[in-house]
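Please go over the structures that come below.
Each of the next two complexes has subunit A plus one more chain, namely subunit B in the first and subunit C in the second.
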Partner chain A sequence: MNLLDIRNLSIELIGQKHDILAVDRVSLTMKEGEVRGLVGESGSGKSLLAQAIIGVLDESRWRVHADRFHWRGQDLLRLPIEERKAIISKDVAMIFQEPIACLDPTTTIGEQLEEAVPESMLYGFFWQKRQQRKKAVIKLLHRVGIKQHTMCINSYPHQLTEALCQRVMIAIALARRPILLIADEPTAAMESTNQGQIFRLLASLNQLKNMSILLISHDLENVTHWTHTITVMYSGQFVEAGTTKQIFTKPYHPYTQALLDSSPKANMHLPAKARLMTLPGSIPILQHLPIGCRLGPRCPRAQKQCVNAPKVKNYHGHQVSCHFSLKDLY
Partner chain B sequence: MLLFFVRRLSLFLFTMLLLTWFAFSLAHLFPGDPLINLTGQVNANPEQLIALGQQYHTEDHMIFQYFSYLEHIISGDLGLSMASQLPIASELANLLPATIELSIVALAIAMITGVPIGFVAAIYHKRKVDDVILTFSMIGYSIPIFWLGLLAVLIFSIELGWLPSAGQLSLIYEIDHVTGFLIIDILLSDNTYKWQAFADATAHIILPACVVALAPATIFIRLARTTMLEILETSYIKAAKAKGLSFRQIIYRHAVRNAMIQVVRHVGLQFASLMTLAMVTEVIFSWPGIGRWLIDSIYQRDYTAIQNGLLVLSIFIFIVHIITDLTYAGLNPLARERSYGS
Partner chain C sequence: MAKLLEVSNLSKAYKLPGYFFNRKICNALEPLSFNLQAYKTLAVVGEMGSGKSTLAKLLVGAEKPTTGKIKLNGQTLEAGNFGQRCQHIRMIFQDSGTTLNPSLTIKQILDETVKLNTDLDTMERIQLIRATLQKVGLLPDHMNFYPHMLSGGQKQRVSLARAIILEPQVVILDEALAALDPSLRSQMINLLLDLQEQMGLAFVLISHNLGIVRHFSDEMMVLYHGQVIEYGDTQTILKAPKHKYTQKLILSQSFQDKALSN
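After this line comes the complex of A and B, so read on.
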């Protein structure tokens, strides 16, 4: 059974004159215990998608539709909004980029962790509960690999490093014992040693607790070591999804191909001052989105047909949304 | 925190030096003899003037004059009032507490009403409640204070007869002068009519304090509203939502504290304008405070009184500034840390 099954989710930015379709019918499925990478350039709507799943988008500014939104076989679209939020916030947790900005600057780390410990895990009278909360916090900090817990509990967010703050964010996320953790670029603006630490922590959580992780990143190369499956997005549209191996060795979509080609490799033979491989142009702005396949104007394989949005084709679990996929080349 | 306090204290000392220099230069800038302007001795005979001149080093360089003036101020000698020939220090000691009482009560009213209303407006942003609150705060801000004061007297004292229109306390009560702050004095006294006097003093302060509080309250409404809106947009509020906290918990635990920090920061600034409003209000409600006294001194060209009244008022405002700064640092861990370059 799929853990999360989303079909044709669209997110509209409510504008003054007309609405803008920021995310256009994206589908996403996740199995239990899976680490899925969600990859795309900045502005491709991957963070929006994550925020729509968790339900923190401002309702006065964004409108979200979906054809299907199943969570562990339960149709969330049929439930009233309060129940939906309760289910999601019980089972799904999220960590964000820029961890320091995501912690309240005037409250100590300890207090912020304490309030994340859900009431249902405590028992007894309120003074007993307070003790339990304190213990739970220390346990959580140990679980994310912070050994000096007293120092950490008593400090304010600005007194800790970026990587420590991200660990604290992960600890906060773990407090509810989530089944799915959404990590929105957890290592952006971090040094590579710290990046490795955070990724290893996430990987161990996945292996030891069987926690599913949706790992959002703009860097395809970086994510491949840690994920089982990958979904690629471009400018708010679904591009391709498959196992990491499929995506990495046999990409079907020209965009994925271009992403892979654009990352330099150690054994590449490039003449001096040669250009690296890139797609021409840049990602379109939201006010001037191309019709049909949004990659159209930049795509090397684009033809007249591409003004109509392609249907998603499924080849043994390898999904691709392109009229002229590269499948025939392999 | 201690370091922060010491830094503020040193800033206070230097500002005091500048303020006294300014007050001292006023004596030279006002028309007439600087010595008479400084001391207020208008009826002194030539021998007394020579003796005074020696005290104030009038023959020496300006710097020595200034230091002798400082010496007099520090020893508590602010000169005599030109109009009444009474020592200014004792007059100020009688009048300043009444003004402090009025302005602090007004500030409390302005904050207690203004800040929560602003928060409510921010929480109901882009809805009817927000529009109504904004409209009323705009109207409240634009009403001239003397007109509002007269209107309040007309309605609440004359038409309805709920509240007294003038003074600080009804004449039937006799309260010993201990601290100068009337309400504290009443509470300290052991008269049989203590609580009646307290009720009477409270009734007297309500109307002027509300009139003074109106304009600052509207400023606090808008300040609290904009800061709350900013805070609600920040990522830590979003993260708190993702944490599964309810809206109420987010507002009470995270948003209010962070918004209050920003509001407290502006209280010191607003206090200066609140003092100006309090002065005008004192005239309307015949409140025995420093504002009325200062305005009278200006009419009477009592230069000594103007100069020293301004000095004492600015010191008071500066002390309030320091107190709000310390409160800000107490609330905000970020401000405590930054010990260099700020």
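After this line comes the complex of A and C, so read on.
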């Protein structure tokens, strides 16, 4: 059974004159124990999608609707808001970029971790509970690979390095033993050696605890090594989804192809200082979105038909949303 | 070819606060020397606190070096003589959006630079701004825009325009490509390479993305705790790194290539 099954999710920003469709019919499925990469440039709606999954979008400003929004077989959008929150807070956890900014600078790491340990895991009188809480914190820190727990518990966020802070964030996220972890650019603005540490930790959690991870990133080349499947988005529209290998060896969508071609790391055969392939133009802003396929004005393969939004086509689990996909070229 | 930028024995030490007897000194940058020619790019690689930003600040003149000399075309650059320095060495920062004054239009932002450094009259200045905007791939209409009306890639182009408007010889890119989206980043790399060819610029590229370093630079320097641990031709270093730290750095980024190849 699918863990998360979202079909045709749309998110609208309610405006004064007219509404803006920020995310346009995006589908996303996650199986248990899967690491899925969600890749898109800025303004692609990937963070909005994550916020819609955990249900923190303000209802007075955003309108969310979907054909199907199933969490382990339960339709979340049809549940009352309290029940939905209870399910999500029990099973889903999220970590963010810039861990130092996410932690409370005025309290110690230990206190913040204790706060995250759920009451339901403790039993006995209050002094017993206090002991258990302390033990649970140490256990959490060990689980994310921090061995010097006393030092870490007594320090404030600014005293730790960025990678350590991100580990603490992951520890807080793990406190409720979530089934799905949403990592919203966990390593942005981090150094490559630290990035490796965090990704390795996430990968080991995935393998040992069978935790599913939705890894959100703006850079395709960064997440390839760690994901099983990848979903690509552009400007709020679904572009392509498939296994990592499919996306890399045979991208069907011109946008994915362009992303791969534009990365200097993926094109080691190019001589140094050669020109890189790029898409012309820049990412459209929300107020001026093109109609139909939003890649249209920048797409090298665009034709007249592209003013109508393409339907998603499925070739053996490799989904692509393009009228003129590159499938025939292979 | 003649040496454009000649740096010899440059170092920087910060005094930490302390009492008379236990005064401490933090060596941000140990003495280093390098040469840079026109049309060439030097990449500086290192982790946080390795002194790569200190090096950039010293080159651009924002900090006074403790020891050492910076020579440009054989002429020594004095610390504090900004009129001399800022025409020849210019810098682009990581987050271009925050370096542009939000209350000025693009024209005013660029005009400020020209006004302070040249004695052109108003018409000539506007001509120069128009030509520079075209050079970086923007329209002359963008002159009357405010920074918030531009997208991230366009803002980066404006800060590039501000850097090259005085026709400098050296441009320092302090993580200038890191915060950009991949498709804009490759556009920017192409633009920088074109400008290098047209104007004979020398770049000092500070980056931690080895893919870009490999593609972009001719020589590279690896800094570690303020010390130069490797300096030489980029291809040779990336193929056969000698120091342990360089090997670790390359290893931490090369698994991505493996993922791509299989």
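Note that in this section the second predicted complex is superposed on the first by the 320 of 330 C-alpha atoms of A that agree within 3 Å, B and C clash if a C-alpha of one lies under 4 Å from a C-alpha of the other, contacts with A are read in each partner's own complex, and residues count from 1 in each chain.
Just so it is clear, contacts are C-beta pairs under 8 Å (C-beta built on N, C-alpha and C of every residue); 3 or more make two chains touch, one makes a residue touch a chain.
Note that the coordinates shown come from a computational prediction; the quantities given were computed from them, not determined experimentally.
Enquirer: Would you mind checking whether subunit B and subunit C clash or fit side by side on subunit A after the superposition?
Expert: Overlaying the two structures gives subunit B and subunit C room side by side.
Enquirer: Name the contact category of A:64: first (subunit B only), second (subunit C only), both, or neither.
Expert: neither
Enquirer: After the superposition on A, what does A:4 contact: first (subunit B), second (subunit C), both or neither?
Expert: A:4 sits against neither subunit B nor subunit C.
Enquirer: With subunit A's C-alpha centre as vertex, what's the angle to subunit B and subunit C, nearest 10 degrees?
Expert: Here the answer is 70 degrees.
Enquirer: Looking at subunit A, does subunit B or subunit C touch a larger number of its residues?
Expert: Answer, by number of touched residues of subunit A: C.
Enquirer: Once the shared chain is lined up, is A:102 touching subunit B (first), subunit C (second), both, or neither of them?
Expert: first
Enquirer: If we overlay the two complexes on their shared chain A, which of subunit B and subunit C does A:23 touch? Say first, second, both or neither.
Expert: Once the two structures are laid over each other on A, A:23 reaches no partner at all.
Enquirer: Is A:169 contacted by the first partner subunit B, the second partner subunit C, both or neither?
Expert: The answer is first: A:169 touches subunit B but not subunit C.
Enquirer: Figure out whether A:94 sits in contact with subunit B (first) or subunit C (second), or with both, or with neither.
Expert: The answer is first: A:94 touches subunit B but not subunit C.
Enquirer: After the superposition, pull out the minimum Cα separation from subunit B to subunit C in whole angstrom, please.
Expert: Result, nearest C-alpha distance in the overlay: 8 Å.
Enquirer: Share the list of subunit A residues that count as touching for subunit B in one structure and for subunit C in the other.
Expert: Overlap of subunit B and subunit C footprints on subunit A: empty.
Enquirer: Give every residue of subunit C touching subunit A within the complex, in rising order.
Expert: Touch residues, subunit C against subunit A: 47-48, 151-154, 178-179, 181-187, 189-190, 193, 208-212, 214-218, 234-235, 248-249, 252-253, 255-260, 262.
Enquirer: How about subunit B: which of its residues touch subunit A in the complex?
Expert: It is residues 126, 234-236, 238-245, 249, 253-254, 257-258, 261, 331-334, 337 of subunit B that touch subunit A.
Enquirer: Give every residue of subunit A touching subunit B within the complex, in rising order.
Expert: Where subunit A meets subunit B, its residues are 51, 54, 56, 60, 89-90, 93-94, 96, 98, 101-107, 115-116, 118, 156, 158-159, 169, 172-173, 176.
Enquirer: Hey, which residues of subunit A end up touching subunit C in the complex?
Expert: The touching residues are 41-42, 189, 191-193, 195-196, 218-222, 224-225, 244-245, 248, 258-259, 262-266, 268, 270, 272-279, 282-283, 285.
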